[in-house]
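Next come two complexes, and both contain chain A; in the first it sits with chain B, in the second with chain C.
Right after this comes the complex of A and B.
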């Protein structure tokens, strides 16, 4: 392909990415000429950019359903990517609104311009991760997201905890990206290509010609490396420390957006490359020779089960709310890995719905946590004591979020968990379903710990809780959405099914139907 | 014909393991960052070896390794910057003293 051909593409499908890139550049230039106290305008500009990009993504999703590929799938605009981009953009929009309130009540972040445009570059990295089918661009997107978030976590420069958590995040992140790369290098060596679709074709040949061990080894390296981004078992130790040290809006960003991006790359990379592997010696077995359902699935289900168990039991003894939310996030990532094990036709809807529900409930919960912990100058669970008497509406909203995280009916979280549970039962993964139910019951203890504190414990003060406007907005939107989509989850699943599924090109790779 | 591909892969594997060991056990943060560089360079050896001797030899591996170097440089630059701000607050680069958040 010559240089001329690059200009012959219709680049307009990449407008969301260009918008974010443009706004990030613009912000960094405007930042040079601004006075120290007038950085709030940058936050609003960033929000405008995010909303504009969201509009472009919706427009893309409406006008063309077929995947559109740039430069041999280096970038690939398809319905899968569009659905994830909407989740990222929604998350970052919430995060920017929350940050405006955070900047008002706290002056620990001194470099506010950097704060806003690094959030945009992190978003750009996430978007590239979701819309690429090539090892090189996937990796570059992953690193763009990671490096931006290392800095964001450490932006409370004078706070020792923040420095420490940022350094820990960087070291674990760098080790895991080295592991991902090591796995990728073997995949490349066996296929001679970095294009995921070409890899999936050639990997099958390599598997039958005696390289099965190397393929499974590279799979293991990739899973261990990627488990850092989604914070599941082999690589989850960083989560509590980083969540505690980061500024609260950034914690929410890591919980919802960064984790969703991790799942996007996991789906792309692992499913496209490895699900198609066929072993002729195993044709007679139940999986019909599909290698993925022999060993890798078991490996993933063990990881999922261990994440649920560790996350939910370790959360029990936490008294710091951000650490507790971190362990809860590990358990949630465990639930989200279950669809990978079951791989039914509804895989995509399940994952997207859960990520969407999780986005709503975690942003709502973190917004209230931010307001309460800055008011009480403590991140201890005890600072929630008597919240019902201080601010009844905040307490009710927090109750909704906690019920949703715990998976109690009439909340979005319930249906997210319910869909996943049903799929596990449908493909006879009974032990995994049992672990899921068992650990959910354990999790009720600490989620209800919040409720106990808010309604039944007397607080030290009866003064009404000051809630910044941004926090009120986020809490209202997420609480209403959590209840609405809990009552009518088909609003989301139908939308995803109609607008994002026709071009969903893993279709023929999945198990024909869950009943068979 | 010279060196077979298995030797390159073995060197890379050893280098990766040395790097991983160093990153997990060393107390000095600078050494930890250096060990991570070893791991990333092991990947580059792999990629370049595969680009010449892989099942389907192609130039893509060398391009990939160039990307790796760039990203690794950016990562370490950020790492050192974070370490400096940590040093200003705590006056140490020993990893085992970074324990303010243990519970």
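Right after this comes the complex of A and C.
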């Protein structure tokens, strides 16, 4: 392929990525020239970029639903990627608004220009992860997100905890990247290709011609490495430490956006490369020639179950709210793996809906956590004591988020969980469904821990909680959305179904649930 | 015209009070109390209209409403074609649920009046009280299992707050125990419901959540065994039995309920004992037996055994309690055993007895816990040995208490007599030995109730109780109303049996068509 061919592509589908890249560059240049310490203008500029990019993604989804491939799938704009990009962009938009408030109430972050443009590069990495079907670009996207995040976590430069978090994040992240690369190297060795679709075809042949062990090995390495990004078993122990030390908006970013990006790559890579392996000789048979199908889904179901169990039980004993949310996030990632395991026709809508609901509830919760912990100078659960008397509306909103995280109706979190749960029962994954619902009941205890503190314990102060405007905005939007999408989930699922599903090209991999 | 949305109107009518309360400043305690009480009159009046408009001759679901809500496309149909799970907003009542709604509305109004003694945080109290009321009315008014689950959960959250904030010293423990036990119960219920949706088609071979359609599907006896193996049917029956058994509560699952009865504020205990426990009985009859008549029939002996255990265990322990509240709590367990016996009889008389017992005990326990609250308000204690001779200073209250105890132990002419008589009569025909064992409970009931009530009201009056005031006008209302209903059912049972008749006629042939 010559340089000339590259220019012949219609690059307009990549406008969202170009926008983010352009704004990140612009921000870093403006940052050089700014004298004042305040970098609020950069934050608003970044937000403008994110909104613009969001507009382009929506436009893409409107006009073009067929997958569009650049350079042999190095970049692939399809509805799967578009839906995830919207989640990332929404999350980063919330994160930027939250950061504006954060900068006002806290002066721990001194390098504010870097803060904003690194967030954009992290976002760019996430977007690349969602829209590529090639091992190389997937890995580049992953590293772009990861390296930006390592720095973002450590930006409370004078705080020891933050340095520790950043260091831990870097080391565990590097190890998992190495594992991912190692796993990829086997895949490349077996197939001679980095294109996921070619890999998918050739791995099927390799599997039947005696390389099944190597395929399993590479699968194992990839899963262990990728479990770092989605913070599930076995690579989850970094989560509480990193969440605790990071600036709170960045914690929210890691919870919702970085995890969503992790799911994008997990789904794309594992689903295309491993779940759909087909033995060409058996293609016409009843099973459709699926040869490696049972194993990946079984491993993932074990990982999902263990994440739910560990996350929800370890959260019980936490007193630091950010650590508690970290363990909660591990459990939530476990729930999010269930659609992948069941792989019904609903798989995509379930994942997107739950990620969307999780985005809303975790950003809302972290916005309140940020306001409370900075006001009380403590991240202890006890800092929520008597919040109801200090700020009734914030307490009610927090209650909504906790009910949603716990999966109690009528909230988006409930419907998301119900949606996932129903397909697990439909494909007769009863044990996984039982673990899911059993650990949900356990989780009531710690989610209601917030509620106990806010309503039932007297606080040290009755002074009204100062709530910055950005926090108020996020909390209001997310709380209302959590209830509205809980009562009318079809607003989201139908939208996803109509705008993001027709080009979805994993369709043939999904299990018709009547079969099992 | 009104009839086509009467049930929704009743269920959501407490919203009016909630909205009004939201705008009343929290300092205006008196206004808030009046709004709180008047707010419960709206559902009461509407429920009476429903009672008046209810057609006794018809066995079908009345006041039906149906609005499509959410559609989940699934491919789980038996024939492999695409089937969607339609979640509809469906309301409708038959004789049983209509009576229970009326009971709910009456007890709620009385409990609202009893809330006059609540001193702290009145505004939140009444808002939560009305949310709880919506949940309770909805549970009985709905025809859809999904909505049933949502309303069931909707009772959980406000009840948790009401116990945890306004209860006595160990209120938080009681609230947590309440939450976790009921959380487990609803989790089991949800699993069973989803298995039902996915496996039982209605007449048009669509998945259904409609209770009547499910009952009809099971009753037709044409369920293909590949959809519902006998083992699965039995498993689902047991799941429902446990889920509602926790609520009722049945013997090994009862500990949470003792804590709640002792720790919750009196009006909440009135609601809890009077209505919330009855949701368990309702679920057992409507779903446990309604969906799985054959399984219930084969399980009837065990049900009767559990009923006898409940009766005797509750009665024996009630006899040794020092606290009036504990006496009545164990008494509730004992009386719920009678419900189980009535259900285990599996005939019209037994079912009628069970429903009578549910309603009758709803009134009686609400009355008794109201009186305990009234006495507590004056003396600050409910310990039997500390009380005594109250009849001198409070002749009216003591008289009503004695009357309530008489109703509870089954004095002819009061509702307790009819209900126990019918339950035992139903069971004697089929299981004489167990029925005879159960009647021992009646003797024990007389013993423990008379011991508790006579010791508190008669005997020498301690100096400090001499100058206590008798009932205030506002306190007289619940006493007279509740006692009035108890006597009304006792001397004119047709007021309840007429609406029940046709409904029970539809359940019994199902049971006997398969079981007998």
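As a working rule, the second predicted complex is superposed on the first by the 496 of 516 C-alpha atoms of A that agree within 3 Å, B and C clash if a C-alpha of one lies under 4 Å from a C-alpha of the other, contacts with A are read in each partner's own complex, and residues count from 1 in each chain.
Convention: a residue touches a chain if its C-beta (ideal position, glycine included) is under 8 Å from a C-beta of that chain, and two chains touch if they have at least 3 such contacts.
Keep in mind the model is a prediction, meaning the values are calculated, not measured.
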item	value
Touching partner for A:193 - first (chain B), second (chain C), both, neither	first
Partner chain in contact with A:410 - chain B first, chain C second, else both or neither	second
Contacts of A:470 with chain B and chain C, given as first, second, both or neither	neither
First, second, both or neither for A:296, with chain B first and chain C second	neither
Which superposed partner A:90 touches (first chain B, second chain C, both, neither)	neither
Touched partner set for A:440, first chain B, second chain C, both or neither	second
Residues of chain A touched, compared between chain B and chain C (which is higher)	B
Touching partner for A:459 - first (chain B), second (chain C), both, neither	neither
Residues of chain A touching chain C in the complex	344-346, 403, 408-410, 415, 418-419, 421-423, 425-426, 433-434, 437-438, 440-441, 444-445, 448, 451-452, 455-456, 488-490, 512-514
Contact footprint of chain B on chain A as seen in their complex	135-136, 139-140, 143, 146-147, 150-151, 154, 157-161, 163-168, 170-171, 174-175, 177-179, 181-182, 184-186, 188-194, 202, 206, 211, 240-241, 244-245, 317-320, 323
Chain B to chain A touching residues, read off their complex	12, 16, 19-20, 23-24, 29, 32-33, 36, 39-40, 42-43, 46-47, 49-50, 54-58, 60-61, 63-64, 67-68, 71, 74-75, 78-79, 81-83, 85-86, 89-90, 98, 100-101, 103
Interfacial residue positions of chain C with respect to chain A in the complex	70-80, 85, 149-150, 153-154, 156-157, 160-161, 164-165, 171-172, 176, 179-180, 183-184, 187, 190-191, 194-195, 197-198
